[in-house]
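Data block below; observations after.
We just call them A, B, C and D in the order they show up, numbering each chain from 1.
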């Protein structure tokens, strides 16, 4: 094994250890009861995320590769499989909140037991043979990072249904920057053919390839995300009451759900004007705060993002436009720097004041950005064979692509080629809005 | 105040203290997660029962009677009101399992705080004025006893949805008595007019009166409850597949729910004959055990009880028949003796072997017994005014009366005049079956 | 066969012929499309009623008794069985409105063919042996009368969902009598034991017996039905917004269904005061008309009837009280006189102006009257064996008894012992309200 | 006005007259009841299609352009608006089957009245000014053609829920061609950039443009549609029971709906092998017939089409691939020839026997062909302003594109640029499957 390969494998092990520990750090502010609740079928209990990510290593790494490995508990395979149809029967997703045992502490023991076995496996293989399982360990690490983000999304939903609306972590909410600066536009002209999709050795999910050429007509992207202040203008102009602004399914959803604001907007005063700043508060992981005119509006459905763009006379970017712009301005990935999910502000922050309308801001870390692109396979895409192949391809229907990353995305998990995806009615993820236009 | 009245008041205080402590004893085997789960809208979390019974004292005793009383937490009034519409808004029943906070420990603190305030109130009033609130304390005690039974019914439902099916308390299950002795009949002839309903000073709920005369044609009651062994014969004879045995709504429910056995019957072997003893296990609070031919069959809906009686060519007793028979054979209430819910077997026990067909057994303590009587007001019944009046009258529709008491009923809570009631499709209470016939 | 028996049999045949013809008369004002629609699972298409009543004779009379009888169409047995589980599979009730063929004309041919075969059977049997099937023909006639009332109830529902709200038959609506006269009370004192239930040779359904004794405390009945004018007072006093007036299930239904008035009350003016006379119209089979203060309020659920009685500080009568009062004042049945359903007003009429508060009015013909009695078997009741035995007994659960008869009840179908029954939430039948009180 | 323009306008008028008459021809075999039924929210009654297409002309042509025009009935605007939110309130789609009036004959009168007014408008305008409304008349004609196809799709659903399964039109079903010839592939290599989308003067819907360039990697299309015989092989290989073949939502749908064959496949024999030819019949507009191994399999969901392609190791074509191939082989539109929807076979026919694997067959007229392309706007697409702009753009979410045309598509309505679209679970349209592969 080459030194480079060994260094890379060591990096995989370090990331694994860091990620496994971070999950427990994220669960630490939560009571056993917090970790057990499931307010809707989309949302999984914290405890389940902690166990499922562990089950992933047990099932795909320890079982096949550690001779004589005995599972920690035979029932866990049934309880903590998420959607891998080929692995066996699984507990119904909508009933994850009905499982009181194993409890918080037993799940901690499960995690420790699996971590010990992973160490044992690493020891047994030694540096030379470690390379054979390194890709699986890396996949498991990135899989757990995805669940760290889900854990934070889901605990926000859990805490929000409590009428006392407890905060997850006080003192981390970004402050308001006052009124938001005017929206600027960054042009990408003239028409061009660009390659998009992942290339090279770095980790990526299967859906990010194959790399392929795309024709792009001239376009422009807004230089910042749409803010809560901008959104109040949309609401003041009857945004939620004008069917001509909405996709047909979107309008049906607005009416069926009674939407009149983004998710986690709470009425401060029932009698007040629906579109006034003082009529609304926003629930964040740091607690409930007044509307911040300069903070990016977050927890939008695709329908809302599209309606806003229609109202503004523009459109959403395609994922190819977004990816090309990100690569051209920020590069293949954001700087990780000092970012620590364990202490980070867990809500989008206002854009820098000094932007000059010539450069894109908030491309990463402030919110997933809806694109106009349905989540579909890239030309030439084929899912990997076997259960691992269920990873991404089977969701390529009735979902839309989001790009960028969110305040709850772990460090190192963001890439310009990353394709996140959600159904158009979903709002519990940290979804935001950047506008595009033809040029 | 008379010595007798003082003695009676002391007895109320003693019962109150015992009951408040017993609730916590019943919760002790449970983890915080166990106490938080709600598998269906009918079932409330343990934690909720502990808090709601406390809220009852806070709202109806401390608030009106302890000058300057400050509620422990302003949100609890919203969270822990059950159905008292006149007291104010309340948290939706079906969402009780979505409330992670207050947690187990905070609820324990709430209970202790209210208990301390109750003691303070008792002190302040002194023996002379205590009589004024004694009826409220007594009502609160009996209310909490009702919730102790619900707590055990509900935790059974919670534990049963866990694929690992943990026991609530090991080592308490009654043993099998082998094949059940033949069913005997006890006659009550000739036709008579009898008074039913509560009379005298003892505690009773409003729905037990007014006492009134009832005409009874000659009838007979079976001398024991129908057993699991009897039930397998019904199943073997196609009981769950023959529409002519069922009420119309019952047959619709059988088909909609896919019922093929009583609740908590579990298939031991999917391929086996549906009516064989070895095909089924029974989940109890003491764990899962094989079918016991001599144990009373439990967790029946009214529909199932009625279908069995039709199949057997007989009928269910009316509540008047049951009450008259109980009073004539056991008396106004069962002997309390050494019964301790904190250590009792929590499942019906086989009838004594030596019964001679001339006396009724299992009238109390082995299971609530469905009657043919819809739950309706007795002649002259009027609900009490105010929120306390919501206690019983408003449920007098679409429910059937059950009589007797169950293995999970607290000592001192059973009476021959007690009217329990459930909708005909309900099965999660400890409901059993005694037959009746015309003579 | 005696002359009396022959005369009685001739009367059965005459009633049969009259009834079969009346069904077609009732269908005549309706288009083929009117006869095909099913706006809710409770409501059956006119065409289905016409065919089902015919299927009843084909299945229970012609098949068993006319040698060599060939059914008109093999599919009709599946399509037009209503709920006789023992007869075979049947088409789902909720999908009756999805069957376009057989059409109106084919159903008319079906009716004619079966009528011809019935005549052939009568001829073949001759006067001497006709007696053997006379009870079946009589049952079939009364069964068809029940469906005539259902046909009118159901077509009212059909026409009411059409935004153009067409009338079934113009020119038949009763006129308003102005303000209603004050409610009087008729006393039945002292306490007594009375027999209720059917006795003698006349036709009756199985559920009307056995006749048996009942103890009645002193009581009083209101001398007229509650009127639309009375109801507006209830509404004006917040009747639909005060939970303390309602049964628990009733309050849940009010909120789930958004009830704010009886069924078929239509808002005349959305902005107006909810309790003003001019705010509401009433849809009748004769078209939409303003509120009539003196007309009996109709299309009430049991929940509404009970809430009104609670609001008025009184109660509903038991069915025994009602039956005793009817027998004592009107006799075993109302006078039939000139009543012709084919031309009758099809809505309750105001009570006579000259009532003097000493006699009961509107006991029959103006609306079924809710009682406080759950629909339960009389002591000693056993269903008849076989499919015919499915007639009434299997519905004895979660329904309440109504007494009297309605403007849409065929002549000759009303009796003082008649037990009609509906679930407490039902409103599409012609249900009205007479009050009772203790004395 | 030029002679050419006049000729073109005359052609619009001729198409309009032909199309208006054809709708009535299509309704002629149906009874009033057939035309009134709505078995599911997706399906509209025949009567509604006849009225809605008429309302379109009344609302968008007569109202704005014929001075003094009085609507035929004021309620029709509410009843027969489909989804034009900007035009006003409308009757709920799911309740179209609850409207018995206007009946069949009244709708015929409505159509005649509007046709007369259209003629009056044409007369008044005269040849010179007719050009101004010709585009609206042409749009209305194509709109009515769409509804002719829907009418036939919908009446198939109506007739199929009747247990007697009547045929719409006997004697028109295509015959079986025996076993299907082997599937051949037609190559389109090498990689190319092609323009797709409509160009020129001919009629097209807004969603067919703007014309734009697309990069196409080398690909191949199957030379015929997948047949019923092919499909039985998929079923025999466990196609409906293997989750690894399905999209995640598709597998959930298979299980929720209990799918085990395409829509309108009926079990011939419940006990037989699920994948045997003799186990299934197929319901067509010509009646029920045995499986035809050589006929294209029809009434597939997107999920089924995708699962089959996965099973076959290939994929679905993109809409760009399909359009390019159609243009290159058939041209911009199929030959209309003698096609008459009023007498045509209304089911896909087997491919010609003599195909040589070098040319594409069945591109038009035998079934809409699912593509892998989500229904999204072409680059630069903007909806037209006003209510007419609701035509297509607002459905661009959660739908997939189908290309080609069906046996129930009116002559002249098919184009190589035509973009049909349905949600992926829909099956009641005539949807078929052509395979694609990378080259």
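Definition applied: a residue touches a chain if its C-beta (ideal position, glycine included) is under 8 Å from a C-beta of that chain, and two chains touch if they have at least 3 such contacts.
Everything numeric in this text was worked out from a predicted model, so none of it was measured.
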Ordered by label, the neighbours common to subunit A and subunit B are none
Compute the shortest path length in steps from subunit A to subunit C over the network of touching chains.
2
Subunit C and subunit D, separation of their C-alpha mean positions in angstrom
48
Would you mind pulling out the distance in Å between where the CA atoms of subunit B average out and where those of subunit D do?
60
Rounded to the nearest Å, the gap between Cα centres of subunit B and subunit C is 38
Touching two or more other chains - residue numbers and ranges from subunit C:
none
Draw the chains as dots and join the ones that touch; what shape do you get: line, ring, star, complete or other?
ring
Touch list for subunit B against partner subunit A, complex:
31-37, 39, 47, 75, 78-79, 91, 95, 97-101, 103-104, 158-159, 161-164, 166
In the complex, the residues of subunit B that touch subunit C are 83, 85-86, 193, 212-215, 217, 243-244, 246-251, 302-303, 306, 372-374, 376-377, 379-380, 390, 394-398, 424, 438
